[in-house]
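Read through the structures below before going on.
Look for subunit A in each of the two complexes below; its partner is subunit B in the first and subunit C in the second.
Let's look at the complex of A and B:
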């Protein structure tokens, strides 16, 4: 079978200890549910010598708290979020997205923090060392060329986390702790597409939780995921919408799409839709704009032209579904 | 509990509670773990292999290169073209080059990186068309002409004349993508050499006998010094029907080091070992006369074989020979080329060779019938070939329950009320098929029985059946218990099966071509009947008492043997025996699908599958085989494909990227058993393990047509293909409407 390269596993028992360990061991990586990092390590994708295991932080970081805003600890499991009553009430699209992550076993291991920090994925990188060597490697690891974009100099591996589009659309912020203290950051400023890192997290920083502002609860929310199979698969596309509707009229709308390139995309320039009626024409318009702004690539092994073709259909249906729901509890 | 009962699988509890012993569960003190270095090139000359770096790596005990195992092997004696480790030529990305045995797997893997191979990279041929066009690029030196593994061209009757006078013709090109088996258990082999020079190899194989023979040839060691044992198997589906590099490597390394050696393939290596479904391009014509009778079938088949022959010689024949039922063909011609290409070798996957042409044919039959306005079920009924008849290519059909199969799925699906009437986006489709219950001739010519069974009775009343047959999950060991119970009158729980161990059990040729229950079943019945006669004569109030009395009467322990002897069958022409079977099974499916016409995403809502297995020796097992087959067929229609990049590298050799449907992607399945009581089979039984796969794919294609009016002729039926066809149809309709 595939073997794991030798790594030292550090087991801090608090957030403070964890970030200290990260600081002390440059190049170390965080191990939470392990559902992504373990196969990636076996694939030889990282040269990590140390893993900072977060199991000892479970008590500290596994909370769902409704205190004005909704506060979620980074170690909440995906399965927990899919079933949590408070989340189903305040952020039904997040519960929906979580219920569509991977399969039941992986949802029980995988965490919210892990999903938000998920490394980008590409058919040319998430493969064994043997395979990547036969390919001639790629610029993300061990190589110099991009096999997705001819002549590309920036890695375009795809953001493949299902929670990210929802939390982006809902305007969540994230909490980050380092030995220097704590900082809060809008999720929309978290992701990068510089081709090297996919988030702004520094090596000694740990994402410890998210905060969902309470105004999100009143929004009509929707999530949709395109995948070949009804379980296990990473998204071929995923998307989320948050609609603020007052008396049938749009007050604000936010639409995010993932599984395109390194960063989940917030569809730009939707402010002019405020004041329009929340009807089928709005859904069509959002679909049209998403189609214009989103260009799927061959980084995912499902035909990009077809993904682009169906994207507006999925957006339209999602928006109509969301608009038809009652506003979530405030 | 005996014949016809739902006796629970004898290997079920151990598989469920984890106590069952698979090859990878076998370990010994001082065992070494080996890893195989594989070629990163699709086609290259090897100038030099230097293993010295690996040999010096701490923890490495031995290295192995191809010059130590130079003999070529293969299941089919005429096409032995494989070498355990390449010496001068690698033929696909993943071809085996060298092997390292170390104290643990990681060490062996790290040491592989220290082996230096000097390759001269050559241009590769990756499609069968290229393989034909570029005979100068030699994939495999065994090919006498260009890159052709095998060419078969057979004609029965004047096809061209019949096509010329036919009323309705469907003539189209079809493409069937390659797929692989995906057994949950990866290949694994363990070898141990005794102090006296005897070698034991445990392997996750479905053909212990051929592994035994080939180990003997390649190692240059008498077969009498080699013992091959097949432990519990975690699925095979045809993917473990060849001898593989790992068996030779562990054997040689065990002899070399004097220590036990194990190799467990990674999932990626299972993809390179492959032997899966051959991609086929088919140019098929089906011609009907004005009454809807099949006047002519003409098929040109180009088969993508991969780098080695495997069973490819047989594939080239099966692609044509197995199509001639359950319908009567007026005339028939097929012309098939099995090509070598620089990709992992294809081989036998469940429904070997015949699933692809069956798809094309059943779709074409629907299309031709539609032109005549004949209902799809009616055209199949009208062309029924009958019982005790000979097919156009000289195959003898004995029992045939196909009409009953059709009737069952017609009724169950509500065909008459629902076909063509489900409204847009939903439809029903039907298809039928035929398959063999073993082949009349063994893979290597010999006069010995294809299956042998030895049954021993103990004074306690315990019955032990020694069977060479491979239980690969199909349940033959369970059936042998039932056969013993039926004939001897004992409790099937009192039967011990000793199976698939070349030292202990009589030879059985292996689990392929749906032969096992048929042939081992007949052999077991014969052996048990001999003993039953003695028990009957001896009498006794209990089974144990009868055993004791009979043993006293015999003056020796009680045992008997039975065998399955090959019958003379098949057409009187070159290749006429290939596809000749002592009995044929028949299947009919109706599939119901829904299609989202905006996205092309479609779903199988339900499949009704009726299968004529002659006699269900154990209905639970037959239903399991039907359901498993339908699942596998539907999976190929839905999503399975081996995709390669421009240099011959297989995309995503993992279960994340090579997708098979999960339980939630699996349609509702309803299976129906039809019992036509075959005169040749054990208790009337015929095969059930492969036949029921075939109609799933064309039934789905025909259902998609009923749902939205498109004919999909290329597998898998990706939603983008469905959407493209829907758009093509819409633009055609628009053109029609605007009068262009």
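Let's look at the complex of A and C:
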């Protein structure tokens, strides 16, 4: 039995009240679906005194709106996105990724904002206090050493959110609100390569929604996830591709891979592939480049050598699948 | 540090309860330790196993990672509330008829996930059944009979006839269900 530590729960009824509460109580944390933060609190991973519960904001932040671009509220549940007709039409890879998050109960509880802000995961941190204490703790909490990278000074706990690679590949933008106002940020600038706190979100900021630009709807999209069981498990690898194809030729391509280290990786240097034919050789080339740039670590309890070997296979299959689909309707 | 407490109102199995609990009390703890409803099981206690599944407004959720205070505006159904005065829920009857259990620990969660599925989809395919129950772990790995039970509960088939071994006199499946019905208040 694991009990939650004593905390105070604040229940704002608007975004403005929520960010005010975050500002007023330094060190407070946001509670939305609770599927990530509650187990982590039970593990003693945070010294939080205050939780800002967003249940009162669900009417305000649970929208799926198609106005030129696609606008999604941060409190849309993962299950809602997996089944939403507009998303299946405009961003089928997002619907696909959502349908593969965890299990059905967790998808009903977990939210899009929560998934994007999911804390990084590692076999050495997602353990009970007793377990971590016995090992002498680690960089991410209470300790000074990394058990994954010998001598490592930066936490490499893995970004394990399935929506992040898709939204990265599709060029999504996020909306952030703080007491100072609102700002928009490309999702590619949101994540940091530091597993202790892997986003640029400041303590008094709240991610309130995402915007998917309309040019993404016409792209061929794909998502793939590797996990031990077909349900419940966090990814051992996940990836997404967005291909812009005109008359059988690539106009642009972006490929993102997650569950490696703290930041979901956008594969670099793909511009020279523009103009190539969208065929099996393109899939092979993308697989080769992803294999070169992605180095799975022992932060996930699944053999990193095997994950590295299987990564190009999954990329190749995903790209071929995506290239074969019809472009999503706008 | 004892922490703060709060007064919450829970609507469980058709009854209103007013409780004074620590604000960090989970719904599962409130059900089991404040209301004595121990049918919802405390398995992993971190949202992995599904043993704590309850229905909130007919939707299967995990009570071990839900704050009790966050369940106040929802109608909660636990395994204790699944049977009605008229008898067992068809899901319970089918699980008994099919012998869809080994140790039984995962059953309350399994049956509630099955009920949530049948509420929204009266005649699910096997794939839909597997998907709906994919958040509930059975460590005895007896899934075949569990899937069969959901089909039986949906009226899509009868319990598979199993030939009893000559030496054992197994009671007919009807009388098993009958006996179960009798012990339900």
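Criterion: the second predicted complex is superposed on the first by the 327 of 330 C-alpha atoms of A that agree within 3 Å, B and C clash if a C-alpha of one lies under 4 Å from a C-alpha of the other, contacts with A are read in each partner's own complex, and residues count from 1 in each chain.
As a working rule, a contact is a pair of C-beta atoms (placed from the backbone, for glycine too) under 8 Å apart; a residue touches a chain by one contact, two chains touch by 3 or more.
All of these numbers come straight from a predicted model, not from anything done at the bench.
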First, second, both or neither for A:3, with subunit B first and subunit C second: both
First (subunit B), second (subunit C), both or neither touched by A:228: first
Contacts of A:106 with subunit B and subunit C, given as first, second, both or neither: second
Partner chain in contact with A:89 - subunit B first, subunit C second, else both or neither: neither
Contacts of A:214 with subunit B and subunit C, given as first, second, both or neither: neither
First, second, both or neither for A:134, with subunit B first and subunit C second: first
Contacts of A:197 with subunit B and subunit C, given as first, second, both or neither: neither
Touched partner set for A:305, first subunit B, second subunit C, both or neither: first
Residues on subunit A lying within both footprints (that of subunit B and that of subunit C): 1-6, 103, 230-232
Of subunit A, residues touching subunit B in the complex: 1-6, 103, 123, 126-128, 130-131, 133-135, 228-234, 301, 303, 305-306, 309-310, 313-314
For the subunit A and subunit C complex, residues of the former touching the latter: 1-9, 31, 34-35, 38-39, 42-43, 53, 55, 102-106, 108-109, 230-232
Footprint of subunit A on subunit C - complex, ascending: 1-4, 22-26, 29, 42, 45-48, 50, 53, 59-62, 65-67, 69-70, 113, 131-132, 134-137
Of all residues in subunit B, those that touch subunit A in their complex: 38, 40-41, 93, 105-106, 109, 186, 264, 266-268, 598-601, 639, 643, 645, 647, 649, 651-654, 656-657, 659, 661-665, 718-720, 723
